[in-house]
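Please find one structure pasted underneath; my questions will follow.
Naming follows writing order (A, B and C), and every chain is counted from residue 1.
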Amino acid sequence: MPTSPDPPVSPSGRRTGGIHAGERRFALALTGPALLVLALTTTFPLLYLVWSSFQTINLAMPFMDGFAGVDNYVQMWGDTRFWHAMRLTGIYTVSSVTLQVIIGLGLALLVMQIPRGQWIFRIVAILPIVLAPVVVGLFWRTVMLSPNFGLVDYLIQALGFEQVNWLGAPTPALISVIVIHTWQWTPFAFLVLLASLASLPPDVYEAARIDRANAFQRFWHITLPLLRPAIVIVVILRAMIALSAFAAIFAATGGGPGTATEILNLYAFKTSFVELNFGYGSALAVALLVITMVVSGVLFYLRTARVADAAR
Amino acid sequence: MSGQGRVSLRGVRKVFGRFVALDGIDLDIEPVEFFALLGPSGSGKTTTLRMIAGLDTPDKGTLTVDGADVTFAPPGERDVAMVFQNYALYPHMTVRDNIAFPLKMAGTPKSEIDALVREAAARVRIDQLLHRRPGQLSGGQQQRCALARAIVRKPKLFLLDEPLSNLDAQLRLETRVELKKLQRNLNVTAIYVTHDQEEAMTLADRMAVYLEGTIKQIGTPAEVFDRPNCVEVAAFIGSPPMNIVPAMLDGRTVTIEGHRIELGWQPDCLAGPVTVGVRPGGLRIDGDGIPTRLYLSENLGETRLLNLELGQVLIKMRIAQSDFSPDVETVPVSFDPDSIHLFDAGTGRRVEAR
Amino acid sequence: MNVHRRARITRTVVLMVVASALLLVWVLPLIWAFVVSLKSEREVLAYPPNVVFEPTGANYVAALFGDFSIVDSLATSTIVATATTVLTILLAVPAAYAFARLRLPAKKPLGFYTLATQMVPPVGLVIPYFLILNQVGWLDTYHGMVIVYLTFSLPFAIWLMVSYMEDVPREMEEAAFLDRASRLQTLWHIVIPQVRGGIGVTVIFVFLNAWNEFLFAVQLGGNTVRPVTVAMYNFVSVEQTLWAKLSAAALLAMLPVVVIGIAGQKQIVKGLTVGAVKGGGRK
């Protein structure tokens, strides 16, 4: 039996290709500019950042500038303010993300039950999200939390409680910034989870109803597992934002009182732009970068592991 | 490129990962033929069509159109038009712009486009809908819009990928006829992919039966129906398809469940086990026949279809309504000797006369 | 009225009351800020806060036309946000098509790279930006600012657009190829019109994020480039905070994004969920 001939050269002179010829070149042409800009705007500065973390760059004392080796990192290791900032970052991120998910989910479940008027909730939910975080921080700092003038202060006193110096004392300040962040971003969780809830197939619930499952059982065994992917995504996204949140805290407390709300973000900022110690500030920023990468790596890994689990 | 639209495939092989979609097929399609590629899902017929269109390229083998090798020519360089199963209309354009698009891409002057679009639309009777968008059309209208877009260029090859599968049954029957008429009017080679053997039988001048990546038989509908060249084809063609029953052969005598049937011809086959094929219409109710158990009777209106247990095998038999008596459990059946096809018990190939 | 029906009505009423109460948590601060903006500075400091007072528009006038007018900043924000959005779309849409549909060499690593750039905390970038732009003399310039803004806009936009591109049926592109369209023609005539909605969503998000940006604005800008988020601080100083004017200015500054937010709420929710499924989001 004759063997089938090898593909000969086509009229256009191509050995392989046809529809796929030139596709790679076209693809590169389309992505080239974007990738170039990306490289310029992120990779290059990042490399610069890492480089400067190994330098001493102090605009206040320029005569000290020079190569520093790992001095900055050694200093960081022994810096209590650094570990304090790490701790605060952890508390801030975990508590606000947890609150966002719980409250957002609760609200979404609640609103799902309301037959009409859901649109009001949607509009109200959009507003905090579109505001600039710096404006939110300023609002809360001034009209809400100020002692003697703020709305919260007034309400607390009207309800008969003790006045609290929300932004002036360490623990209340930390609580305040967490509340502010949660206030602004819970609507995000709410909207995403509401949309997910709305897209759940109704027949599964009908089957469960016929199988005599009560409301709580339906929630625990059907709703929650079906919502898991959405919840996971919300957690990942909000965690990323919480780790890098800056403007709201800056506006509300500036990191204070003292260092009570100085998450790593702010510490790096202050070191660089207030104390003008760019070398050490760079090292701090690199630390934050590494933490962010690790956390997102872990979260993404958990997510794909979960997906694989669900597929099995 | 002038020519009549003659297509040739030689030794075409296509593999997707580990799955062999096409295992070396050879095919010749005559100019102006209505040629059907028939087979179940995954048999390779759509893959073949896509290669002719240029949307996929073979791993091995060649494809020529009117003598020119187009194995690797991109779709734009081939004079080919295609109607997709889901029509693939451009939803953001009006019907007119959809039909005009290929002309626009080919650089046809604006002055000519309008006339050509109208002509194509009139042919498929959607000229009243030119200003609408695909989303505003019914399924049948969308399909005709896809047709118009395909024919407006007056291509040499007209490819159709299960174009009727998204229509309801009634529309399908009506459109079938129109498609055939359209092809005749346009005088163009049409290659038609379908899994519905009734469609292929009624539309095609010739067809190729695909199974598992190979072509089992090529021929006219009559040839494939009257002389299937293997058991698989026999079991696929016909509504309902041929009954397949194991039997023993000795000389000219076929024995089924102990009953002997004399054939009028000498099979070119050794004595021993053999596979018998007989169409539902080739069975008779016969008092001396093989007893079978009736387990279901289907009322088809003009005729009845009896589902019978013959030994270990299930067969179907067609009878007139007048011959049917309800409450009957056993039906004695005999085989019309002239309606018997023989296939080799091992290879499945048709057994011919010596 | 039977038992079931009454129970259901009660239930709905209770739910609505609870939900509305929770709603207040988000509405109240904004309403209060608005109320404050209508008071005079003296009245603001009154305690307990007056609910009844004479509203005045003086603060808005001051914010727009007074000594610390934010009008220039509004113009700056508009320029920067618009330029960022336009550039981002021009770069991101073709790139997203390549990622979604074409055989891009090294697609996986490049895709991962794009995703990774999104995870960089801004403070990690503002430090080198400051040092670099300082050296190049691009601090406090429009071109400097816009390029910097592309940092967070571009990866996000590519990411968002890729998911929209993937929704375009392949058959439609194949039909276009058969209709003799080149790859570029297919992209322009067929694919891009199909993802119009996605481009709209992306525009909204990119513009919003650019408008609301603070860290880069405050550190890399100056007197020339002073977006509205920085101009807020016109009304905040060590000695005193001009509350009412601050509120007025802030509300004015947020007016564009609020309008966009309400007008585009459907798109925003869609974008959130799409972005949530595929990864993205900022601020």
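The rule is short, and it goes like this: a contact is a pair of C-beta atoms (placed from the backbone, for glycine too) under 8 Å apart; a residue touches a chain by one contact, two chains touch by 3 or more.
Computed from a prediction, not measured in an experiment: that's the story for all the values here.
Sorting all chain pairs by how many C-beta pairs they have in contact places A-C at the top. Among the remaining chains, B is positioned farthest from chain C, on the basis of C-alpha centroids.
Work out the mean CA point of chain A and of chain B, and you get 57 Å between them.
With each centre defined as the average position of its C-alpha atoms, the distance from chain A to chain C rounds to 15 Å.
For chain C, residues that reach two or more other chains under the stated contact definition are 177.
Residues of chain B found to touch two or more other chains are 54-55, 74-75. The multi-chain contact residues of chain A, meaning those touching 2 or more other chains, are 19-20. The touching residues of chain C, when paired with chain A in their complex, are 11-12, 15-16, 18-19, 22-23, 25-30, 32-33, 36, 44-45, 47-49, 91-92, 94-95, 97-99, 102-105, 110, 113-114, 116-117, 119-132, 147-148, 150-151, 154-155, 158, 177, 183-184, 208, 211-215, 219, 229, 232, 236, 241, 243, 246-247, 250, 253-254, 257-258, 260-262, 265, 268-269, 272-273, 275-277, 279-283. Only residues 53-55, 74-76, 80-82, 84, 86, 88-93, 101-102, 105-106, 149, 153 of chain B touch chain C when the two sit together in their complex. Those residues of chain C whose C-beta lies close enough to touch chain B in the complex are 169, 171-172, 174-182, 185, 189-190, 193-194, 196. Only residues 19-20, 22-24, 26-28, 30-31, 33-35, 37-38, 40-43, 45-46, 48-49, 52, 57, 107, 110-111, 113-115, 117, 120-135, 138-140, 142-144, 148-149, 151, 154, 158, 183, 187-188, 191-192, 195-196, 229-230, 233-234, 236-237, 240-241, 243-244, 246-247, 250-251, 265, 268-269, 272-273, 278, 281-282, 285-286, 288-289, 292-293, 296 of chain A touch chain C when the two sit together in their complex.
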